[in-house]
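When the chains are written out, they are named A, B, C, D and E in that same order, and each has its own residue count from 1.
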Amino acid sequence: MFEHQMKWRSKKAGLPPGSYVFLGEKRQEEIQLNLMTYNETDFEFRNIEKIEDAVDYKEKTDVTWVNIYGLHDIDLLKKIETAFTIHPLVLEDVLNTTQRPKIEIYDDYVFAVIKMIYYDAEEAEISTEQISIILQNNFIICFQERKGDIFHALRERIKNSVGRIRKNQADYLAYAIMDVIVDNYFSVLEKLSDHIEMLDEEVSDNPEPEMAQKINMLKRTLLMLRKNTWPLREMIHQIARDENPQFRKSTIPFLRDLYDHTVQVIDTTENYWEMASGLKDMYMSMVSNRMNEVMKVLTIIATIFIPLSFIAGVYGMNFDTGASPFNMPELSFTFGYPLFWLLCIAIGGGLLFLFKRKNWL
Amino acid sequence: MFEHQMKWRSKKAGLPPGSYVFLGEKRQEEIQLNLMTYNETDFEFRNIEKIEDAVDYKEKTDVTWVNIYGLHDIDLLKKIETAFTIHPLVLEDVLNTTQRPKIEIYDDYVFAVIKMIYYDAEEAEISTEQISIILQNNFIICFQERKGDIFHALRERIKNSVGRIRKNQADYLAYAIMDVIVDNYFSVLEKLSDHIEMLDEEVSDNPEPEMAQKINMLKRTLLMLRKNTWPLREMIHQIARDENPQFRKSTIPFLRDLYDHTVQVIDTTENYWEMASGLKDMYMSMVSNRMNEVMKVLTIIATIFIPLSFIAGVYGMNFDTGASPFNMPELSFTFGYPLFWLLCIAIGGGLLFLFKRKNWL
Amino acid sequence: MFEHQMKWRSKKAGLPPGSYVFLGEKRQEEIQLNLMTYNETDFEFRNIEKIEDAVDYKEKTDVTWVNIYGLHDIDLLKKIETAFTIHPLVLEDVLNTTQRPKIEIYDDYVFAVIKMIYYDAEEAEISTEQISIILQNNFIICFQERKGDIFHALRERIKNSVGRIRKNQADYLAYAIMDVIVDNYFSVLEKLSDHIEMLDEEVSDNPEPEMAQKINMLKRTLLMLRKNTWPLREMIHQIARDENPQFRKSTIPFLRDLYDHTVQVIDTTENYWEMASGLKDMYMSMVSNRMNEVMKVLTIIATIFIPLSFIAGVYGMNFDTGASPFNMPELSFTFGYPLFWLLCIAIGGGLLFLFKRKNWL
Amino acid sequence: MFEHQMKWRSKKAGLPPGSYVFLGEKRQEEIQLNLMTYNETDFEFRNIEKIEDAVDYKEKTDVTWVNIYGLHDIDLLKKIETAFTIHPLVLEDVLNTTQRPKIEIYDDYVFAVIKMIYYDAEEAEISTEQISIILQNNFIICFQERKGDIFHALRERIKNSVGRIRKNQADYLAYAIMDVIVDNYFSVLEKLSDHIEMLDEEVSDNPEPEMAQKINMLKRTLLMLRKNTWPLREMIHQIARDENPQFRKSTIPFLRDLYDHTVQVIDTTENYWEMASGLKDMYMSMVSNRMNEVMKVLTIIATIFIPLSFIAGVYGMNFDTGASPFNMPELSFTFGYPLFWLLCIAIGGGLLFLFKRKNWL
Amino acid sequence: MFEHQMKWRSKKAGLPPGSYVFLGEKRQEEIQLNLMTYNETDFEFRNIEKIEDAVDYKEKTDVTWVNIYGLHDIDLLKKIETAFTIHPLVLEDVLNTTQRPKIEIYDDYVFAVIKMIYYDAEEAEISTEQISIILQNNFIICFQERKGDIFHALRERIKNSVGRIRKNQADYLAYAIMDVIVDNYFSVLEKLSDHIEMLDEEVSDNPEPEMAQKINMLKRTLLMLRKNTWPLREMIHQIARDENPQFRKSTIPFLRDLYDHTVQVIDTTENYWEMASGLKDMYMSMVSNRMNEVMKVLTIIATIFIPLSFIAGVYGMNFDTGASPFNMPELSFTFGYPLFWLLCIAIGGGLLFLFKRKNWL
């Protein structure tokens, strides 16, 4: 992941700032645009061919929301730059999908970059999509890297006029869009929670070496999540706190609510991080426990037999019993051999008893 | 625990903000309400059927405290929203039991969320109950997840007119309610202290592998406690410091006192955290000490017998003593065998002496 | 220690705030009071029976210092509350000996809580005594848990009129009392320094398993010291910085000096903490070094004898030398046995040489 | 690296501050100067012999950029000091190549020190070059330690009039210079990313002891990068935020953009740091896994054969079978020897089965 | 070191604040004083007998610098207190050589405490000397613990009128004195850098157990350096930032430069700390690598011979070959013994091959 980011960046090194270069993977072939416009009574939604079709709505009092899927059309951006008098650096940021989440408040518009998070449960990997939002009076332009259905429910909600959204202005819509994205973090967290639970069981059952790697992967995922949520919190805090002409006072409580949600996302992420660390500790101690057990049992077996082997060795010696009565008279005792076995059992049993008493077994 | 939080959250994803959805376990079947009202001379306490019975008290100068047990009655909330003109997001927060402790100061009311902590000593687990308080002039609405007796002593105190509470207004009552909750933290900490003491003894006596898990559990519990107390401190600091129309100046010293208590809770939690870390360190070093001891003693036994076995092996060799006078003449010495044993004792004793002198025993 | 704190707290749970309950061990049977009063020329010191004897001094221009040993007399406190119009929460804090060090500035008096530290060198344990000071114009009330001689030198100094103290007012006396307490921290630190030095030697000489526990104890002691000094620094900083009616401008430089001392106490405590960590590291590496050494030497002995045993085993085989000239002809060589020993010495010596060259010995 | 820095510094100890001593390696023999001057229509670029040739351009409205390669010409600096009235300490800082990145805003000029980073992929080492920039109205003096082509693309861009640069003033040029340097960090990060990927593979494949050292080297490199980027971020933040006469308001958005880039560099560096830590962990666990595996397999082999050897030893004993029927009658059983082998196989197999069941294989 | 500090402190416990007690080792027998006075044209330097000889210079416009070597003359301090109206706490701080670096700005003088650092390369130990400076208009009093030549070069510089120092006032001289002290830190750092390099080589070559202790010593030294440089940075920052009557505006840039130097000292110290940590890690992994290698090679040798010994043991058994044709017929095979050796070589070689393939050799 990180590697690609860097490749994209260096593609651009040497170019003048403010030049439009798409720094990302082209995630869909054709650029698509759609337009939604509504007020308390009317609602309209349709695909449009060119951005020019939307420009007229700029002056209307209706809320207008233009969605652009795909970022590689430089011409389109230039037209937006002119039609809405956006600073070129803003549109450059739209193209650079390695942006951190941020908000920039200009005199007559607000520009926000947020990351949509997708979690691939199979690969236990996270991928991000950059959503850029320009809010200018009653007009919202929203850039997505690819066509997806993430805002489908929101669109349906507006269409069916559920909730207070139709009575509010574009700033409330901007809030609603951000709310959808933040809500999506919760569903990712939920999937991660399943994944952690699964890892937890695997570690307890069978601490294989690859577990360490899986836990590392999880930590990397959480790091990435953290990297995207901290600036998100910061940016929402900024608009919820500072007065700015684009956000009405009535929307502030909702932004504060959104802020609470991002704090909750961060709290949960930190929690998971602690859990991942706990998992790692547990894995480490499982591995070392098992190793200790292996070493202990095996060494105990060895230790018992080493003195026994010595005794067997002694009675395998070839001292000349005929040469002297002191030379291994045991060998010709009537019960020499049974006594040897008794001795072995006594020594082995004694050691075992000792080990047991010392709690080594 | 965390898993449930996430499930609740994602239940709501896609719904418009401000919609009343109960995000929690339904902890009791039927919603119950009771109402207490008092001034310096009079006192009344009774169960009520519907919230409408309480609304009339809103304009009175008496202090009125309405308790609602159970959160799943959406209708009730809508009535409260209308009767007391509460912002919908506030009541949404009441329903969302995954809230962090927080205080929100509105123009004509204050909304506080606190967590009651219950400690199950058997399972060594903590569970929380969200208490939401709305303070509006002389009226307090208090939401609890289930009927319990946590405020029983407070209610008796008011009834029997002990202390200054009957002379004060609703802000003092709000303080008293929060005081009960914070006092409860101390009793949880006391139980935890017993648990830590027990773990401490267990670790010293018998460092079983499951100790690591128990200590981990303890740390998780402390983390959860910390997660709930830090924002609590923050919120009490906020009302104790900022002037606001709902809290009288005479109540501020009590809030500052409450603040001191939360700081003490946090200090103690941090202390316990250090102790849990100390326990873990101790467990680790107990385990490794025992392993070292096992390895050392066993290896020493092995080492002593290995040279002895070699010597026994030597005198078990079949060199042909008849073929040459150089071939193992020891075998036919008169005291060959006793000398062998002397040699063994000398070597074994010598090694033991060496080990002792090197402090390895 | 911590356990007691909690017990005391929960004794009080359920009681109204501001009720006087003594939360501590009763450290002496009878409450004792004494009174000192002085100005530049006169000096008087005597024990008094009841607090009423002191109240008259309240309006005098002389500096008056009332010392109260023992805290369990609730009546006494009620009288003080009335006579000096002290907020009940202040006197409640006096009784609660689990207080953190703090200062509270009221309109016409200042209330300070400090901890006196006692170090028991035998047990390597720290105990604290809570000293509460109320400064009201020229009157100081000082609460101690038990009668002790900690302020003896200060009293003598005032009596003998050494230093500038007799020329100053009660705020300077309050400073002098706090200075005595902070100076006492230095003597505790000195004792701790001896203890650390002793541990250092013990660890180097003989890293016994109980060392780990001793170092842990030391760390706990330092933690406790830190817990008491950080808020102390904070409170002195607060009175040295903020203007307040009780402390004259001429006393500020002395408070700043006191602040420097507390910073030095904290610095030294942090230093000791680093040293304790260093000790722990050293202990760990001593233990692992010793274990490594044990394992290494023993394994080397084992390794040398294992091949030798094999050779002895070979010549202990019973291949029928008569059946074939290929079967162990060595056994009937004239110098077979001496050659065997030569071989053993060569192999043993060769391995030893190899180990030496590889720096394993 | 660090060692040189110190040597340079101590060369200067004892000299008066503000004396010009070149504290660095002389990186090229001859000092070279070149001068570029342009406005929206004209462009000129040429090498110049002496700084006096450039001084005349000082008063012109054209943007003038003087580049000085090599720092050891003290005379040159004295001339600049006089001609542009620069504070001597500024020029002393130019000479001291151990400077941290910083910006100093004087009344009529701005002085910035930035570090160019070069990464030697072979040696996996980073080296830095100090670039000092003095911006005075429309005049930029830029000091480099050696002649290089780092600003070649920028110069071409200006020459060919691509982008908005020709329409802007010297402050934009200063920004553009800094932008080139920061862009260069991305290409270094890209190379580092390749290096990390390579290390990652090496660690997985073959965790040699030298890997630890390589990872340590990587961490040192990242530390150095961090040391240079944190103050860089700080300095860009400072000029982007504070109003100052040298930077026009129209340049601020570009500086903010540059600030975002440095934040991204820092984020990526922190990321790499986490990755390096992850690599180290992985290396450690690979090494310990392998060691565990070695120990386990070998100990298992040993354990199986130790009881077998004991049995073989038993039947090697020389108990006199003729002396008593109890003495080793097995030796003369018809199937004694095959039974011995059966016993061996049974014991060996049994142990293997046990190990397998305990998951030790 | 720390121990002495504490002893000194407790010497003083119980004494009134502001009493002059010398808290330090007496580092030289006799107090010595010298006086330097200069303006742009004149220069005078001489030893003086008593401080009274210097007092007259107080009112002159020349810069006067009085140096006092040795601190134990209480009378001298009392005279200074009176003659220059210095606060007694200031002079008490001069005597207390356990002071942290600090600056105190009084209405008509500035008091600074700095630590001179000496590094004993032999013992790898740092010692400090407290330098106290009082700057009052054009008069500087500088207290040193012992006579040394640290300011010799500075004095020569003034005498020979090199640099701008003769044209400046006493505040510049105070800066120059501090600059000498900070420059001295760089030379200490240079020596430490040599020491680190040496340790680095020693660790790579021969990781003896005492290395751990040496690295610990280095860390303690760095801690001590850090303890002295952080407050130094703070104090220089304070005078460089705040306007105060004693430091002229023209001296501020030099103080800012000095501030940069202290930051560089701190950066380098932090760097060395990281390096020391890296050394420790390297030492640890060297030790464990070596131990692993020892264990591995030795265990491999053991493992190969254990099965071989078993086989030798088998053929040493005394099964009665005459009793049954199944009893060890191998013993009488013609090539029995050579086959035994072949078997041994096959097993040993096979195991070696296996180990090699598993990369265990």
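Rule of thumb we're sticking to: a residue touches a chain if its C-beta (ideal position, glycine included) is under 8 Å from a C-beta of that chain, and two chains touch if they have at least 3 such contacts.
Quantities reported herein were computed from a predicted structural model and do not represent experimental measurements.
**Student:** Applying the touch definition from the top, give me the chains sitting in contact with each of chain A and chain B.
**Tutor:** Intersection of chain A and chain B contact lists gives nothing.
**Student:** Roughly how far is chain A from chain D, centre to centre by C-alpha average, rounded to an integer in Å?
**Tutor:** Taking the mean C-alpha position of each chain, the two centres sit 26 Å apart.
**Student:** Rounded to a whole Å, what is the gap between the Cα centroids of chain A and chain E?
**Tutor:** 42
**Student:** Listing for chain B: what residues touch at least two other chains?
**Tutor:** If we look for residues of chain B contacting two or more partner chains, we find 295, 299, 302, 306, 309, 313, 316-318, 328.
**Student:** Testing understanding: with touching defined as stated, what is the shape of the graph linking the protein chains, line, ring, star, complete or other?
**Tutor:** Drawn as a graph, the chains make one closed cycle, so a ring.
**Student:** Since the chains close into one ring, what order do they take if you set off from chain B toward chain C?
**Tutor:** B, C, E, D, A
**Student:** Going by the contact rule set out above, which residues of chain E touch chain C in the complex?
**Tutor:** 2-3, 5-7, 9-10, 12-14, 16-19, 87, 89, 92-93, 98-100, 102, 104, 206, 209, 212-213, 216, 219-220, 223, 227, 287, 290-291, 294-295, 298-299, 301-302, 305-306, 308-309, 312-313, 315-318, 321, 328, 330-338, 340
**Student:** With touch defined as at the start, can you tell me which chain D residues reach chain A in the complex?
**Tutor:** Result: residues 153-154, 157, 162-165, 175-176, 179-180, 183-184, 186-187, 189-190, 193-194, 197, 253-254, 256-258, 260, 263-264, 267-268, 271-272, 274-275, 278, 281-282, 285, 289, 292, 295-296, 299-300, 302-303, 306-307, 309-310, 313-314, 316-320, 323-324, 326-328, 359-360 of chain D touch chain A.
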